[in-house]
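In what comes next, chain A is part of two complexes: it sits with chain B in the first one and with chain C in the second one.
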Partner chain A sequence: MNNPNWPIFAIFGLGVVLTLGVGFYCVMVTRNLIRALIGLEVLTKAVTLLLVLCGYVAGRMALAQTLAITLIVVEVAVMVVAVSLFLGIFRRTGSIRSTDIQNLKG
Partner chain B sequence: MRSLLILLPLAGLILLNLPGGLLAGLALPAVAALAIFEIVLAVYLPTAAFPALEQVQQLLHLSTPLDSLARVLLLSIGIVMLASLLVLHATVKAQRRRFNVANVLLISLMGMNGVVLVHDLFSLYVFLEVTSVASFVLIASSGEDTGLEGAFKYLVLSAVATVLMLSGVAMMFLFAGSTDFSAVAAALQNNSGQLLLKIAIGTFGCGLLIKGGLVPFHGWLPDAYQSAPAAISVLLAGVVTKVSGIYALFRLGISVVGLQTFSPVLLAVGALSMVVGALLALRQNSLKRLLAYSSVSQVGYIVLGLGCAGMGGPAGKLGLAAAIFHLFNHTIFKTLLFVNSAALEQRTGTSDMSVMGGLGSRMPITSTSSAIAALSIAGIPPLSGFWSKLLLIIALWQAGLYAYASLAVFVSVLTLAYMLTVQRRVFFGKCREDLLSAREASGGIVLVEAALALVIIGVGVLMPYVMNSFLLPLKGGF
Partner chain C sequence: MNALDVVLVAALVVSATMTVMTARLLRAVIGLAITSAILTMIMFRLAAPIAGVFELSVCAGLIPAIFISAIGLTRRLAAEELPARQQERLRRFWPLPVLLVLAIIVLTQWPLPIGLPDSQGPEPVTDLSTLLWNARPADLLAQVALLLGGAFAVVMLVKNVGREHE
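Up next, the complex of A and B:
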């Protein structure tokens, strides 16, 4: 690839990979539902950055912005549903630890 | 005409929620009408469109012609949505909850239609997300602890799948400068050696495997199916995971990436799901959980067929046709089995098989239709499941994949084993004392059972006709 923007892609790409790593670590390690949600948000932010970065390097900034905004809107809907689920879990069990909600097994 | 499939559910959603609740009583009939419209459209698909709708289609990237695969999926969505609605009508009596569920069903219907119709990777993601969010709400709609837990597990894994898919989309966007299927396909052709593109395909595929619930990503699927209310598990097992995982995988393979690139991976994942799903199904006590593991196993067959399609040549084409045929058959018999479990839940109040026994004499239609579905899923002639498995095994054998072909035969035996266990534990023998008062499920459920059982027998017996009019075009279609 002879794109002049390639170094920028490498630097920001490293940032994306690091953020993804932090997000995955958070989702896997934590036992707290709210923290798991924060981990998912961090993951999504990493992907949004990657999308914008790819748009910049490919020279399609306008399209990338549209995609990023759509992504943010969709993500909000998912997070609202997630938080309402957690609220339901908290109201029923009085706990937001994922170890306390393990009725389904087999 | 196709864009109506997305626009009508949206319009319906607005009309049903007009202030004052004027049309609120029409919620279930409205969804049913849309499902019937979808079936009609899938079968008769008119070619002429209204000029005004053409522009919407261009906006939504629907300009490419609809292929047979999309038609099969639209047909399945319509059928399963109708079955789910009848079960909902029979199992949920509260007007308010019916109305709420019907609204979310409309969103789910729109999402699935979108997934089937779009030709753009990012739009695909948006509609997948619409479908998933609707599913979370539907699973949790019972308001019970287990429902919330199942929805939560689905949500977390689905969000991870989304992240993986979107990273893939972003990297393909980097090379293609657009997310349109044809543009990405061209970019993949021109930069075939790029490592980033290989990673992109890998992450996107992984995300779809999670959404489809294949081993080793199947953790959420049994929980979600088991904890969902009866009508919703019919919908989830029948189409939602098929559309959002398997159909998207088909679409990615056929229209974007080219199946040959990841055919060995698909073969391995398919075979693993097939075996692990069947083995886990053998040791379940909950009927719904057993059926969920059976779904994992049967989806393994479909993915195996998709992997075989990547081998190319006539065997590959036969494999693709067999995979699509099995996808349709699986939709029908898995829907029927979940409707049976809904019938049992309606009359016994549980889906735990250890407290059932001898219900065959009390619920003759449920018992008979369950036997038909069980024999079809195990591949007993002349039912529909036999033909799709036979075609699949022939395709695998012709492609020189002898080990996978024998494995498919072996898993058929396991399938027969666990499905007969269900029949024996639930329906056969003498009726248990505490179940003597049980009677046949209510009218709507019995109607669905009879209709789906007839479809299974009909497709099986009329196989020569189906082969000529439906499967042979599929072989040449790609």
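Up next, the complex of A and C:
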């Protein structure tokens, strides 16, 4: 608690925890695949903020920004591939609801 | 504690909550873009302007455009389906604001036992480009591979859509 950055870490850390909660809840509860992907994006926002926040309080901003940029690129690639998969599912089943996808069920 | 920090964090959480709770997917995508814009402001506040610019251009610009294109390729809900879906969504998502308020109360009253080290010393490499190009080449290679993979996925998607229209 002696670190002068503790108040900033506390308030933005609370934001990280709450945003993570929102993203997890959305991914767990929704049945719409695109909405689940939006929940995953919200989760990624929280992780990006956590990376930048940790870099700020540790005084390692260059490293934190490098990791944040890498995370953004990963986010884009994951999102594009997931959207193309969901559109393929939509063309086969006519729906983007996870409850309508039973073909891979064991 | 800076009042601006509190406002930014509150805006981020409210925006994220509205994004996942709103009824229409298009509104959810716009909410996601607003969330990214607020995160960019937080990044500027936390002295990360270059990552903030990436966040603004990619996450508030490119990703919503791809989402809107994808939503445009799917079927819009019929008017008679909409009330049932909205009720189902409300039933699934109503605990979220309650849980968030509870989490705020618990975390402000009983904060997590996390401490910060007193001092980390000076940063070994302070220049972002030097760090990215010289110290972390594996990150760059992975980014190039991921971007190529994403581009390949988009090409396959557009190719299949074109065939269906023929």
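Note that in this section the second predicted complex is superposed on the first by the 103 of 106 C-alpha atoms of A that agree within 3 Å, B and C clash if a C-alpha of one lies under 4 Å from a C-alpha of the other, contacts with A are read in each partner's own complex, and residues count from 1 in each chain.
Assume contacts are C-beta pairs under 8 Å (C-beta built on N, C-alpha and C of every residue); 3 or more make two chains touch, one makes a residue touch a chain.
What you see is a predicted model, and the numbers here were worked out from it, not measured in a lab.
Novice: Which partner does A:21 reach: the first (chain B), the second (chain C), both, or neither?
Specialist: second
Novice: Let me test your reading of the model: by the given contact rule, A:86 touches which partner, first (chain B), second (chain C), both or neither?
Specialist: After superposing on A, A:86 lies in contact with both chain B and chain C.
Novice: Scan A:76 for contacts with chain B and chain C and give back first, second, both or neither.
Specialist: The second partner, chain C, only.
Novice: For A:58, using the defined touch cut-off, is the partner it touches chain B, chain C, both, or neither? Pick first, second, both or neither.
Specialist: In the superposition, A:58 contacts both chain B and chain C.
Novice: Of the two partners chain B and chain C, indicate the one touching more residues belonging to chain A.
Specialist: When the residues of chain A touched by each partner are counted, C comes out ahead.
Novice: I'd like to check the shared interface: which positions of chain A are touched by both chain B and chain C across the two complexes?
Specialist: 9, 23, 53, 55, 57-60, 63-64, 67, 70, 74, 77, 81, 86, 88
Novice: If you look only at chain A, which of its residues touch chain B in the complex?
Specialist: Counting only chain A, the residues touching chain B are 9, 20, 23-24, 27, 33, 36, 40, 43-44, 46-47, 50-51, 53-55, 57-60, 63-64, 67, 70-71, 74, 77-78, 81-82, 85-86, 88-89, 92-93, 101-104, 106.
Novice: Report the residues of chain C in contact with chain A in the complex, numbered from low to high.
Specialist: Counting only chain C, the residues touching chain A are 1-2, 5-6, 8-9, 12-13, 16-17, 19-20, 25, 28-29, 32, 35-36, 39, 42-43, 46-48, 50-51, 54-55, 58-59, 62-63, 66-67, 70-71, 73-75, 92-93, 96, 99-100, 103-104, 107-108, 111-112, 114-123, 125-128, 131-132, 136, 139, 142-143, 146-147, 149-150, 153-154, 156-157, 160-161, 164.
Novice: Okay, in this complex, where on chain B does chain A touch?
Specialist: 122, 125-126, 129, 132-133, 136-137, 140, 143, 145-146, 148-153, 155-156, 159-160, 162-163, 166-167, 169-171, 173-179, 222-223, 226-227, 283-286, 289
Novice: Across the complex, what residues on chain A touch chain C?
Specialist: Touching chain C: residues 1-3, 5-15, 17-19, 21-23, 25-26, 29-30, 32, 34-35, 38-39, 41-42, 45, 48-49, 52-53, 55-70, 72-77, 79-81, 83-84, 86-88, 90-91, 94, 96 of chain A.
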